[in-house]
Amino acid sequence: MTDNFSRRDFLKLASVGAATTAILTGCGPASRYVTREPYTKMPEYTYNGQSTYYATTCRECAAGCGLVVRTMQGRAIKVEGNKNHPVNLGKTCVRGQATLHGLYNPDRVQDPAKQSKRGSRDFSNMDWDAAIAVVADALKNTDPTGVTFLMGMAPDHLFDLVSDLAKAIGAPAPIRFGALGMFEARATLGKAVESLFGQAAMPFFDMGKSDLVFSFGANFLETWLSPVAFTRGFANMRRGGGHGRGTLVHFEPRMSQTASKADMWIPITPGTEGLVALAIGRIAAEARGGSLPAAFADVDVEAIAKSSGVSAEKLDELGKLFASADAALAIPGGAALAHSNGLETAEAVLALNALVGGLGRAGGVFLAPLAPMQTEFSRPANMAEMADFVEKMKSGEIKTLFIHGVNPVFELPKSLGFEDALKSVQTVISFATFPDETAMQADYVFPDHHGLESWGYQRVAAGSSQSALSGAQPVVSPYYNTRATADVFLAAAASVGGATAQALPFKDEVEFIQSKIVALVSESDGYFGAPEINTFTAYFQQYGGWWKTVDELATPGGDVLGKAIQVGEARFAGEGEFYFHPFVSPVLGEAGANKPWLQEIPDPTTTAMWSSWVEIHPETAHELGVDNDDVVLITSEAGAVEAVVYKYPAIRPDTIAMPFGQGHTAYGRYAEGRGSNPADLFGEQVNGAGDLAFADMRVKVEKTGKKYPLSRLESRMGVYGEALGEEH
Amino acid sequence: MTTELKIPEFSANFAESGQQGKWGMAIDMDICTGCQACVAACAMENNVPFVGEADSGYGRSMHWIRTERFWEGEFPEIKMTPYQPMLCQQCGHAPCEPVCPAFATVHSQSEALNLQVYNRCVGTRYCANNCPYQVRSFNWRDFERPEPLPNQLNPDVTVRRRGVMEKCTFCIQRIHRAEDQAKSEGREIADGEFTTACAQACPADAIVFGRIDDPESAVSKLARGSRGFHMLEELGTLPSVTYLKAG
Amino acid sequence: MTSTEKHHDHAHDHVAHLREQHLMLDPLPRGQMNDMVMESMHTTSWKFWVVFGILSVIVAVFLFGAWGYMIANGLGVAGVNRPSYWGIFLVNTVFWIGISHAGTFISAILRVFKAEFRRPFTRAAELMTTFGLVQAGFSIFMHMGRVWLSYWLMPIPNQRGLWPNFHSPLSWDLLAITTYLLSSTMYLFLPLIPDLAMARDRTPDGTWQKTFYRVLALGFRGTEGEWAHLRNAMNIFAFAIIPVMFSVHTIVSWDFAAATRPGWNSTIFGPYFVVGALHSGMGAVAMVLAVVQSRMKHMKYFIRGEHFEALGMLMLLVSMAWAYFFFNDYMVQWYGGDKWTQQLLHFHEGGPLGWMWFAMLVFNVVIPWATLWNKKWRSNPWLLFGVGLLINIGMWFERYIIIPISLTINRMPFTWRMYTPGVEVYLGIGTVAFFILLYMGASRLIPLIPVWEVQEGQMAHSLKTYGRETVVTVSELE
Amino acid sequence: MVKRFMSWLSDPLGRIGLLIAFLAVFSGAAFGLYTTQTAPPQPIQFPHNLHVGLGVQCLYCHPGAYRQASAGLPTETKCWGCHQQLSKYADGTVALPAELQKLKAYVDANKPIQWVPVAQVPDFVHFNHRPHIAAGLNCENCHGDMSKVTVAENPQVMNMGWCLECHRARTVDNPEKRNKLLDCGTCHY
């Protein structure tokens, strides 16, 4: 040893010593050699280590909340609410907070690519020039009637651009669709408002000023229409602006998050919400005295008490409560409208407001203002229209399909056969930001930027009493080789030439946006004004949009109570012994499953994480011989899924419930192969307004013998008194 | 097992205990809708890692704030108890502090908060054992954040490595930023000038944060109200978080 | 045969019987005993090396390998979670500290009280103290999240001006265990010096063992002066180490008693833990002696039924004391009426691991009481081995109930969660293997029987015949 | 094996070898500490002394120090903004020196200069320049006299003891400020 101890050995030992020092002192020389990439040219508004804030719009759902994103050295760090924005007044929901996990998702589509065979996931990257050539070719060389644009639910600048483009080439108008719209029953709301008040519009519920809210299935604290705005309304109602603490009564077969905040939760038989509304109307009308309005004249309270499972005494109590409130409000929505009698249910519930003088009264129902640059009420496609569209695809009428902002393979009922129908479409081009199921069935994926990397605007359809246009701007430069779909279409249109190019003579997306919002420069009562478009655009970006400073709520009119409302029996499809009650996961929404932090946020009512489950009443579970963490097979007329049992104490024993949001077969590592999708069970039945009657379903539940440990935040022993030994 | 035991007792009357500390929080359980926006906002602000399905189901989730809820009664008369966001109560007399052998969890003299000094922590986990609110989370592993997710990390907050205890800090980085800003402008911090990430996100404004030693601040007024109570007050921990009873 | 002859014969039988039963009355020349001890050290069968090899592999893989794996990957590879933040690591720590108690108890307390049966096995017990503490140290270091920074817990002057928190029971723990380890090692070493000198003189020159003994024997030659100094030192240590011993486990109990957890916050924990430690320690001594007696050459001469009998009596006594403290603790907690504690007590016996609670009572109380009352039974080494094993399992269960099971229940029912051990099981097995390995190694290197102490006893004992009776007399040596 | 080791020990050369091994480990540890405190290699051998000697203020290139946490390292536009105007280089009378050619190469390639920070603290320390400047400290109090060095060197062992020494000394008569400046949470969070 003595003889062989060389300099090299010494250095080896010395490095061991250095490493030891690093370990013992807890910090070492290593961290200094982390590469720092300073700016080559520092933007003048940036300082090292100082944050920059950009106003933009949240794209996690169609509500259009305003965001202010904190960025630092070109990285988006934190999402905060835009305090001036009329929809959310500086607040965000859980999905909005997690939008950064979409931006920095490790599984984003990074380059435009061609798939060798649909579903093969064998993508070969291409460059954007080639991609634009593909789009231009599809626009030019397809019979225009065979070109269809399938867009997301949000009425945004891209929808306007695509509408213009479709008009220019003579293609049918683009379709807007989103699963949230399906679960919200937007079309039903619009149709009910039209048939009652004689004017198509979104209803606006002034919850903050009411002192009693009867909610018939409307999950307004979760995902319904504009949850942040409704949560603010709910909080104001509870704080009791002038009325004292407001009361919430919620009618739903299962205790949802909204129901859990209710002072009274009525576990009503599915499909009888409209009938109960009528009974309450009759009792309230009687309690208020005067002549009985025609709308409630023919109501048989006893029969309704029997069919709805709400006792006559309870109905009486509720009716009198509703009649006696200062500012009562009744809201129809969600699964209550997803029955064959859904449209009539919506009408019956809205009529309750008319009964107590709630139309156009503070704390009552209004018609929501149209968004800026909007002349008439528009709504996303309902299920009947989607079914027609799928039929057209199947018949081969549609040659080229552009899909942006929606994931129909996942979101549409499987029984509709969208995935099969895609096979009859020659060219499918997806603009997906994430590798979702639909992109996997496309020929080309030309990834759009993430919402936080994009320009744009979005009309606010619900949740604001002011007419509002939410503005979006990139808060960071695009992380990958993606391109704004608007730019792709503009470039393609230019290369098509002719009338198409003339209709869209814009250099880029921003120019297009300016061409649209220029109409607002001359508007009055704006949050800000500007003499000309460039200044206006700058403010538009700085403030995160443009909105009126005055309420533009319209008072609904029409002879609402003059004619009888006939609410029929809900017609349930299938032979199973359980009502099926699907709901949108309050945490994941329709598209949150690929964000790891959202997966780890516990569901508010069940505290389950990272998976989906089926809620079964403990007694029912006992009868079925299943327990927590058992996997059961749920069979409907249209399909079957497996799901993990969660023994949920606050659900009707004859009903099972399942969240929508998981069960992806693609969509990145955090979503794929996790849980199951209740949309696989949906049939095609629709209600009077063409919305999917997804709650009109009876299902069978069978034990499979498999087990799956459902991750929960709660302790089953501490909360349910279960022995801990069974716990995962 | 027995089932009587459902919910911690809310017997303490706030008005009788002397309020200590500098920063305080009031959480209105009547208004909290359990929407989890605070949980997500906290995780994003404070670089809280996600742990994955198996670990989160095994009691290793890292949430600095969680909403608890229990059940009362049987169907159909069943009620869910009000959502109760649980976070570090920033006790004035914290059980976690005296038991740490390394002074990694110490009381801040200047901010009157319970600090968790990550770089001093050796990971005995005694503080977590002794926390009656069970709001401390331990880095059981170096939880993975695949590229490019680390781009989202907040540079104002240390990223913790394995073997270190962590907990809610009342967004001390925001406190420092606001104090620094106010000081550089030669003024005191105004009430509502800044707030914690959870309070900032809360769509219902159920969480209010501010100076509890200023009787005029919004949080002081709320905390003084008749609905206020402290969690497990019988332990004498003097929490800085006041809950407002529902109903 | 005349009556005198008969009487003589009877007396002879009686003396022979006494000789056979009592080591102290069965003296052998010093030289012969020395040779026997040396021979027992050097007689090693191939089986020994097989076991030694297997244990070495277990230690390398289960203890150091698994520990390294855990350091590299974080404590997540173990089963600890919220709310069971401590798990088996602390169970093992308390268990090993408990094991280490018997050595000092037997050696120091029995020496102070001049209990003669202690003489041949004080060394064996003291070795357990030291080696048990080593395992306790391993266990406590293992459980730390960042063990590489554990030196921060020592009061080392530093430029930051930061000291350990002396409010924390863990800081007291560290000091108490360190003190105990140092003093028990010294106390092991002092009585070893004459035996090391003996071994040195009987080891051929030029071997490394010779160097080893020569260095450690500190040049002891057995002069009167040296003996006087040695006896003084041993006396001082024997008295001084007793309070250290009691304080160590009391302080360990404060880790729990000083916390606010329901079920931990108990004033009786100090003595309860000390008695518990003695309980498991006595059992462990019995197990070690049974193995040593049967597996090592000449040991049947040194360790006899009388020793097991005396140990068995001690075990029975300690078991009774433990039962008293257990009952006391349970009563106080139950009577306190705190609802969380009530819930916890109910969970102990009625929870999914309730069988452990009952097994603890059977192993710690029922079985010792049922077997050890009988003098004949408790003189049987293998029966004592079995009872000792069960007591150790029972005491391990007791610590398991106090730590992971009690941690399951806290004041936040939303967070209650069961604990499922992970890699810490292997680490625990590793410490057991390491303990046995160290003991086996020591048995080849250190005279397990303190020959001088045995001879001292034999010289003090003699048989005197008064008329028809032959009685044992003991003279004070010092 | 033990025997061989023992025989080495009895050999004086073996003892020396052992000594050397110990020395190697400890000097290695010292070396490790030393590397954390020495000037690392920089992409450009920037002469601080020259610039300070010409009267350039510290805050000209590190402007963040008086208003924010980070002092900042200059971007190449800042360097090149001055250097391209130097007439002797601009009119070609003097050839561009090697280090400036490196700078020009960075500018031409539009690549950032990856300066290696010299005075830095670990990630878990949140140091803020602003209050230190506001308290009347000068740059050279901590960073040394830059007119004496070319490439930046760190004259201090920037550890916690050094921080605290100053924090203690400056708050002897102000207990409230002392609380703040000796609070763990002031720097670690």
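Letters A, B, C and D mark the chains in the order given here, with residues in each chain numbered from 1 onward.
Please note the rule applied: a contact is a pair of C-beta atoms (placed from the backbone, for glycine too) under 8 Å apart; a residue touches a chain by one contact, two chains touch by 3 or more.
Quantities reported herein were computed from a predicted structural model and do not represent experimental measurements.
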Nearest-to-centre chain - CA centroid comparison: B
Chain pair with the higher count of C-beta pairs in contact (A-D, A-C): A-D
Distance between the centres, which are taken as Cα means, of chain C and chain A, whole angstrom: 66
Between chain A and chain D, centroid-to-centroid distance (C-alpha), Å: 51
Where chain B and chain C are represented by their mean Cα positions, the distance between them in whole Å: 45
Chain centre separation (chain B, chain D; CA means) in Å: 37
Per-residue multi-chain contacts in chain A, two or more chains: 26-27, 49, 713-714, 717-719, 723-724
Chain D: positions in contact with at least two other chains: 67, 122-123
For chain B, residues that touch 2 or more chains besides their own: 1-2, 5-6, 58, 66, 68, 70, 103, 119-120
Chain contact topology (line, ring, star, complete or other): complete
Residues of chain A touching chain C in the complex: 23-24, 26, 713-715, 717-719, 723-727
Chain D residues within the chain C interface of the complex: 2-3, 6, 159-162, 164
Chain A residues touching chain D - in the complex, by the definition given at the top: 1-2, 5, 9-10, 13-22, 25-29, 31-33, 35-42, 47-50
Of all residues in chain B, those that touch chain C in their complex: 1-2, 5-8, 55, 58-60, 66, 68, 70, 86, 95, 98-103, 120-126, 128-130, 132-134, 137-142, 162-165, 232, 235
Of all residues in chain D, those that touch chain B in their complex: 67, 122-126, 128, 130-131, 134, 176, 179-180, 182-186, 188-189
